[in-house]
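In what comes next, chain A is part of two complexes: it sits with chain B in the first one and with chain C in the second one.
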Partner chain A sequence: MKLDPRTKLFLALAANGMIFTAPLVYSLLMVVVASILLLLEGKWKFVCTFFFVYLTAGFFFDQVKNLDIGTSGTIILASLFLMYRIMPACAVLYYVITTTKVNEFLACMSRMHISNKVTIPLIVMIRFFPTVYDESRAIGNAMRMRGIRLFSLRTLKNPVAFLEYRLVPLLVSVTKIGDELSIAAVTRGLSTDTKRTCVAKIGFRWVDFVVIAYCLIVVCAFFNVIPGL
Partner chain B sequence: MNISLKNISFSYSDSLDDAILKNLNLEIRSGECVVLAGESGCGKTTISKLINGLIPHYHSGTMDGDVLLGDKNTADMTLAEISRTVGSVFQNPRSQFFNIDTDCELAFGCENLGMDPEEIKQRVANVVQEFHLEHLLGRSIFNLSGGEKQKIACASVSATGPEIFVLDEPSANLDLKTIADLKEIVARWKKAGKTVIVVEHRLYYLRDIADRICYVKDGQIAHEWTPAELEAKGAAYASSLGLRCMNLGMLNGREGVILSEACDVIVSHTCSERQRGRLAKQSIMFDNLTFSYHHKHPILDIDRLELPCGQITALIGHNGAGKSTLAQVLCGLQGSWHQKRAARKHGTYLIMQDVNHQLFTESVLDEVLLGMKPQDENLALEILEGLNLKQYAENHPMALSGGQKQRVAIGSGISSGCDVVVFDEPTSGLDYRQMLAVSATLKKLAASGKTLLVITHDPEFILNSCQSVIRMEHGKIVEQYSLSGHENQLIKTMVEC
Partner chain C sequence: MRTTGKKSSNTLVRDLVNVGIFGALYLVLSGIGASIGFIPAFIVVSTCAVSLVTSVPLFLFFSKVERPLLCCVLICTLFGVVMMFSGHGISYGLLCVIYGVLAGLSLKLFHKNFVGCLLANVMISFVPSSMMIPLWSSTEEYLAYCSSVCDSAYIAHLAELSSSYWPLIGLFGFGAAGAVVGGFVARRVMKKHFERIGLAQ
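Then we have the complex of A and B:
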């Protein structure tokens, strides 16, 4: 089940727009469509984990919210609330990011007549996340070997130093990789003034219209455009 | 297409006073394969950047002179135009991919040039066949080995059909087997009449392909040889210029390791009770080194690993044989809590291939003090002195050179009280002199009573510094032997693969 990247963008926008303001039921409606799409991609593991964590957080939030529990309780409550509210949007974003290839995205942006000046930095950013994750894991390993852990007396005494140990090497290596990535891109002809072609075929099909219509109905219902819904 | 560099001077700063290239002239004929060799920092990479247009279009600096591709001056072309004639492959396979999957990556260059989608598909199909990449299609870039990545990089550059190929240390992160594949690729380009320029420390794999080896020194082409001429001058001549060997088969002619070599000791009195006890025992045992992801077939399956104490042991094997996993399990970074506890008990420490990952603090001294219990500044300074780093004690570790950073990491390992130090490819991408420097540090470390295990693909380094060799295949140890008297066996296994 392949969706056009533009449909995915619309889906992501709709889901994100409803995080904080709408009653929960609307973002739940978005989760439903994202879950179906993820299941169709065979990502049942992610969907199961998601629903488990989401429902647990929701359950505890419901249990705790009316109790008088003091400061620490409020912190827990707030984080539960954040999880509960942000997770639907995260699920949708996860779907969009894991199923969109870089070249499809580039093609879709050029179809929408968005300038390369906007697209290329966006692409670099998307390409960057997994790299940062990779680097960060290696640094975490090095820290463990030196006995610097998040849950330790030393970190408790000086949490800023912990952050510094983690971030300084990360920044250094990420800057270097970013530079090398852009060199690789420019030497292979990626530039702002040539018109790119794309082997990926993108285009709207009936599924796209179904998903877009669904999103539109949810959004309309949210703004009370359709009476009675 | 002919390339000519005329009276080139270049400096990365504002004035030509500290120029890295000084009035350099180089003519490369169409269809020629030229190797640019020389010690690190001699300017050979700068020459490659002049040819692929990164200078003056990407790196800023002061430049004098002209670079002509055919009859066009690169200064008058845009990078996109240059990329139609010059294809570039770089050293670090991790950072030269723009896409996340292999299929898109192969088409990427062609798409950027605005080719017709049908033609792109045809071209991609051609390179896939030519480079035998069928098994790599549709894979995520993050799951490929270094060698596989480098192959994809070469193929995707090849797909755009440039006349000139510029390769900047393409073999630095590869094992000997994938270097053989790289050799085949370069040979294919040359056969197709392409001009190939390779910046490289490792020379042996280009022996049969290169037409010329240009030796760069002090910003100029100091010597030019054919591979046969350089080989005839002998290994001693090459190493005096800081060059790696031309012929792996001839390595054995060099003097091997002198086992009883009198070596300085880094810090003598840090020798712990545990360490002394071990030196008497002569070897350290690690048991049950197994590891697998998600209960699938084991990546690592070793019942017992025995490391001779106070010696340097080389760990060899193909990419993907499980060497890095072994290092991680030995150092307690992967595996069950039993294995992690064993790692703590044995006191193992890993010096990573990218040492930038393991330097955290603001000064070299802090770096050494960080893992020390209790913190003792005098001892830390003594360790730094042993590693020739005392004058840098107050410097920021990230401001040091690669070799110095590596020594700081070693220092932090010593101070955290480790007895077994595991190195992950400490000599990849180093010239002969730098390799000798690393070798000297490692020997010093061994002489101070530490036990060293070094993952490496560098036969010259092994012959220079190691006393025994372990070879791994498919997660198992297939051989372990002492090096003295078995040098031929080592060279044979390394050349064959």
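Then we have the complex of A and C:
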């Protein structure tokens, strides 16, 4: 089921608003719609894993919350909180990022009259998180082969050197990727002056209206706009 | 060769791509640096850790962009937008824009020399420092929000911090100090690595 990128943005905005400000039941309502959309995209494995981790984290969060176990408790609780409260937001963003093509997103931003000066960094940023993770993991593996680890005597003796060993290769790699990306973008005619055309068809359909109406009802219920809800 | 003085739109695209890349990197590294704030004793100095970790990428970013004002405003605005998506208010987003403008102006006024980069780094270090302003501006709401996340000892420590304005000054002071120290480290790293391989001037 294909949704318009603008609907996905609205869903992400409404879901994040509910997840971070409203009581848990509202964030669950937003998670349900994201899960249904992910299932319709055939990502059932992700949905099953998500619900398993989410419910497990929720269970342990409730157990640990009332215990007074000091600093370690705060770290455990914060980690569980990240899983419990931020995972729903991640699930919604996962749906938005994995199902939206770059050209569709650019076309949608262009329809909303948002300048390319905002759109280009945003799209690069969203697409770059997995790259940063992959590069960092590869550098971490290479450093471990050379005996450079976070929890080692060598790191404790000279933490700045550890930071240098991990950060400098990452920055070199990231900068080179960035240069290649900008050359590719310019070669393909990406510019801020010209109006770009798009082959992909975007537009609102009945599914978009259903999702938007659902989000609006949840938001209105939270703000008590509709009496009785 | 005579030039009109107008910068090419190709370099603008390059700058915008760099904003996206370094914005992503800044978000990840500041998250890692700020994670030491989970230990109650390190809440105030966590901004120093963030500034230290993010100084080298920011210096590299400053050396790579040709439009410092636009790029600094965009990187701070993007950070603010992401933080607004994760529960921070609109006022925080506006503060980010102001810090971005100040950082860009410092770079522009000092022509991207070391002092300009250092000043810009200090301005950007105020972006993560400002995240805890609600602890003093709306203490009760902030503590109520945190009580669902942290244990009672941590909340008690936060309440103790909110009783005086010195920790707030400390947050900004440690952030700025970290940015200055990180700036000197970054200059050394830039000379040792990036300038040698031609990634920065």
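The rule we apply is simple: the second predicted complex is superposed on the first by the 210 of 229 C-alpha atoms of A that agree within 3 Å, B and C clash if a C-alpha of one lies under 4 Å from a C-alpha of the other, contacts with A are read in each partner's own complex, and residues count from 1 in each chain.
Here, a contact is a pair of C-beta atoms (placed from the backbone, for glycine too) under 8 Å apart; a residue touches a chain by one contact, two chains touch by 3 or more.
Predicted, not measured: the structure shown is a model, and the values here were computed from it.
Undergrad: Is A:V172 touching anything from chain B or chain C once the two structures are fitted on A? First, second, both or neither.
TA: Touch partners of A:V172: chain B and chain C.
Undergrad: Determine, under the contact definition given at the top, whether A:C90 touches first (chain B), second (chain C), both, or neither.
TA: After superposition on chain A, A:C90 lies in contact with neither partner.
Undergrad: Does chain B (first) or chain C (second) touch A:D193, or do both, or does neither?
TA: both
Undergrad: Quick one: is A:L9 in contact with chain B, with chain C, with both, or with neither? Answer first, second, both or neither.
TA: Once the two structures are laid over each other on A, A:L9 reaches no partner at all.
Undergrad: Let me test your reading of the model: by the given contact rule, A:A221 touches which partner, first (chain B), second (chain C), both or neither?
TA: Touch partners of A:A221: none, neither chain B nor chain C.
Undergrad: Just to be sure I read the superposition right, which of the two partners does A:V207 touch: chain B = first, chain C = second, or both, or neither?
TA: neither
Undergrad: Should A:K101 be classified as contacting the first partner (chain B), the second (chain C), both, or neither?
TA: Touch status of A:K101: first partner only.
Undergrad: Could you look at A:L28 and tell me whether it touches chain B, chain C, both or neither (first, second, both, neither)?
TA: It touches nothing on chain B or chain C.
Undergrad: Contacts for A:L39 in the overlay, against chain B (first) and chain C (second): which applies, first, second, both or neither?
TA: neither
Undergrad: Quick check on my understanding: which residues of chain A belong to both its chain B contact set and its chain C contact set?
TA: On chain A, the overlap between the chain B and chain C contacts is residues 123, 164, 168, 172, 176-177, 181, 185-186, 190-191, 193.
Undergrad: Show me the residue ranges of chain B that touch chain A in the complex, using the header's touch definition.
TA: Per the stated touch rule, the residues are 52-54, 57-58, 78-80, 83-84, 86-88, 90, 92, 94-101, 104, 107-117, 120-121, 124, 142, 156-157, 160, 328, 331-333, 349-350, 352, 354, 356-361, 370-371, 398, 412, 416.
Undergrad: Which residues of chain A touch chain C in their complex?
TA: Contacts found on chain A: 12-13, 16, 20-21, 65, 67-71, 73-75, 77-78, 81, 85-86, 89, 116-118, 120-125, 128-129, 132, 160, 163-164, 167-168, 170-172, 174-179, 181-182, 185-186, 190-193.
Undergrad: Would you mind writing out the residues of chain A in touch with chain B in their complex?
TA: Counting only chain A, the residues touching chain B are 101-103, 106, 123, 127, 130-131, 134-135, 138-139, 141-148, 164-166, 168-169, 172-173, 176-177, 180-181, 183-191, 193-200.
Undergrad: Any idea which chain C residues touch chain A in the complex?
TA: 9-10, 12-14, 16-21, 23-25, 27-28, 38-40, 53, 56-57, 60, 64, 70, 74-75, 77-78, 85-87, 148-154, 185, 189, 193-194, 197, 199
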